[in-house]
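By written order: A, B, C and D. Residues from 1 in each chain.
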């Protein structure tokens, strides 16, 4: 009987000896992100697309202690709204799906293979500095920093060059994370080449064609945001 | 004979193969907190309520090297004063009970399942900035930061929202840690919804309904304090 | 057949049970450097000379996950240009050689045993502060700091003393990393005693007579750059 | 023959299965200190007195990779000068004794059980701030910070209280570490209650009655120095 329930819940989808399997990779990534201070206190989230399956970390779980057994699996494509129509093929008992789900789905609809959401303090500070210095509609811009070369120029367009200007759109935060979806979609329409969207006073969504790209792009951006905050403290301008 | 003494001292209360058992969990938490710089040089402390038993880390022990064998166990409820009447059912030889004991008991009397005390530098700096900017009677306040949603609105009232203002009371430090108990109680009466009290020039007490909640609330608050200090350095106001 | 290809590709050159073997040491160093934030998002690189073989980390690989199998091996000496004439004796399938290759070769031609390239934020900030305070042609200079004694006075000349002034030349960044080679060579001619060259808005190249010296010199310089940035924030001059 | 040399060199003095044995404890401590950034690039050092033996980390070794086999052993008491008369009973082949040796001996002559020397950047910055704000003869002073209670009031005098002022003398750096001994001795005479002496532009020497006390006092002081630098950045005075 216990076995029957387990089968019904498709537990086999999150059981693999391969460390690169999404159900193992998401907890591994979350542990790493926790140590960088990106997913403090159950904040943030991570999702991976694997064929027609979307693997998603749950809501409200201590990220550094997550287990493969905690992972939700959605069939892809799936309706974004209403939530009740999303085609879950595995739901861990006693856990809630991530509030980031529709935002992750938006990235996957654009072809992403992995999407990461962090509460990085550097990202939050950058959104506040841009608002004060350039106004609420401005995006974050920086140029002439080597690490910019870690960010793509756009889908299939290669990477940004050293002399290019990196632009990351910023959207306003909302009371409920799900309600960010509309403005995230608009930002992605307005900036079709972007692989990341900052959320004011909240954090960032970063995606990539696959897990390694999402992770390294997220790292490069965080490096750039930290550098930008330190440059600001020292009175050094972001764009040459 | 050795065995007899051991039995008398109820060593079985701190012996378990379950990593979630309080006698294992407290050393595990303390190791983690040490790495965040929260319990440097034997500072800080942690306590867990488990049924009618209170498990408490000892005083003056290097927190990252703590062992289950070092844990004190109190029967709960127990008299807070005088200390001599507290009903210890296990006392490690050669160790002293934590000076935080009556403060932890105060939190448990309010229904907490776990209480954490740190010397976080961000907490200390925030108490100093509030005193200078708003006066000695002011509490720490911040709003419109996503991480605020990691803090409860009050017992059984759900979590704070993004547009809410988080308020953490601040009490003045005393020569002896035990003597904080009175003002901690007063702060809890004045702010019945709070899950944390800052201590000026000292650190913070954070509690939660259970271990996971106390830990993640402590993390979220520390994230917020660090962000607040950085915001202050950059001339960004805490309340929108 | 598979075995034959493997032999042709000289896989035995990167297979050793000795943790000090370059093919094991480079991944070990990269993991350490990743944790210091020096090689975020596939940035940076490391190379070791071992007799007439040069071992080089590949381009575009997550540095903390690198494996011995990912390491390129070049015969030394080898032509620096054109790249097509470089004498690779092992090339991992599906990986590209590091864009730092000609820069590493420049260091090896001067007798280095190991060369490290990082994107350290402290290094980047120092290049920006020097440019603003002293102009584009100035080098970084600091004196009267104990850690300076961790940097050699020049090949075979012993270490710098506490009262000496440490000078690190700074070259301008280029669109393509390979194109730094010319100005790196010029900086090494102009500063024949230097064991490091900063690259503006990019990072640093550090080398040493062997692995331990390259690593500890890189660490000492990074310590000095971090201290220098903090000193600048506090209004403390770098040269007494 | 090889065995004979080994016996002559008293290798048994550094071979123990007990992790608390000084020859195991020193490498363990150095690994921890390296991760705090205290002994970057072979800087700093640690020494433990065990009965009439002094165990000392060697000079110029990567501190996080140190092995018990690298430890020097001196008979205690031993002449401080000239170095050639110091009674080494174990000298690792190919290593040099720490330049800190006479400074460690000074602490042991005062009854210390363990002495730690770090290049902590917070310590260095504090020495520079004190010099600029209060002059070259001033010592570091801070009061009304809870962590001060982690520092002894003096030998056999208990710990400092919250309202006490912690005073740490500062001596000027010299070209050669050995030459600090005279001024260290003078500082210890002038401040007979101190358990630490700061060295301008260099770092700190901290000692304690035993290993745990030296380590936790070193941690508490480093916490206080970091807090003091941040307080200074925020315009907050060190003494209330």
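One rule holds in what follows: contacts are C-beta pairs under 8 Å (C-beta built on N, C-alpha and C of every residue); 3 or more make two chains touch, one makes a residue touch a chain.
Computed from a predicted structure; not experimentally measured.
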Same or different residue numbers at the chain B/chain D copy interface, by half rule: different
Remotest chain, chain B as reference, centres from CA atoms: C
Centroid spacing, where centroids are CA-atom means, of chain A and chain C in whole angstrom: 32
Rounded Å distance, chain B centre to chain C centre (Cα mean): 45
Chain B residues counted as touching two or more neighbouring chains: 233
Which pairs of chains touch, using the document's own definition: A-B, A-C, B-D, C-D
Interfacial residue positions of chain C with respect to chain D in the complex: 144-147, 150, 161-163, 212, 215-217, 219-220, 222-223, 226-227, 230-231, 233-234, 236
List of chain A residues in touch with chain B within their complex: 37, 40-43, 62, 119, 121, 124-125, 128-129, 132, 173-175, 199, 201-203, 229, 232-233
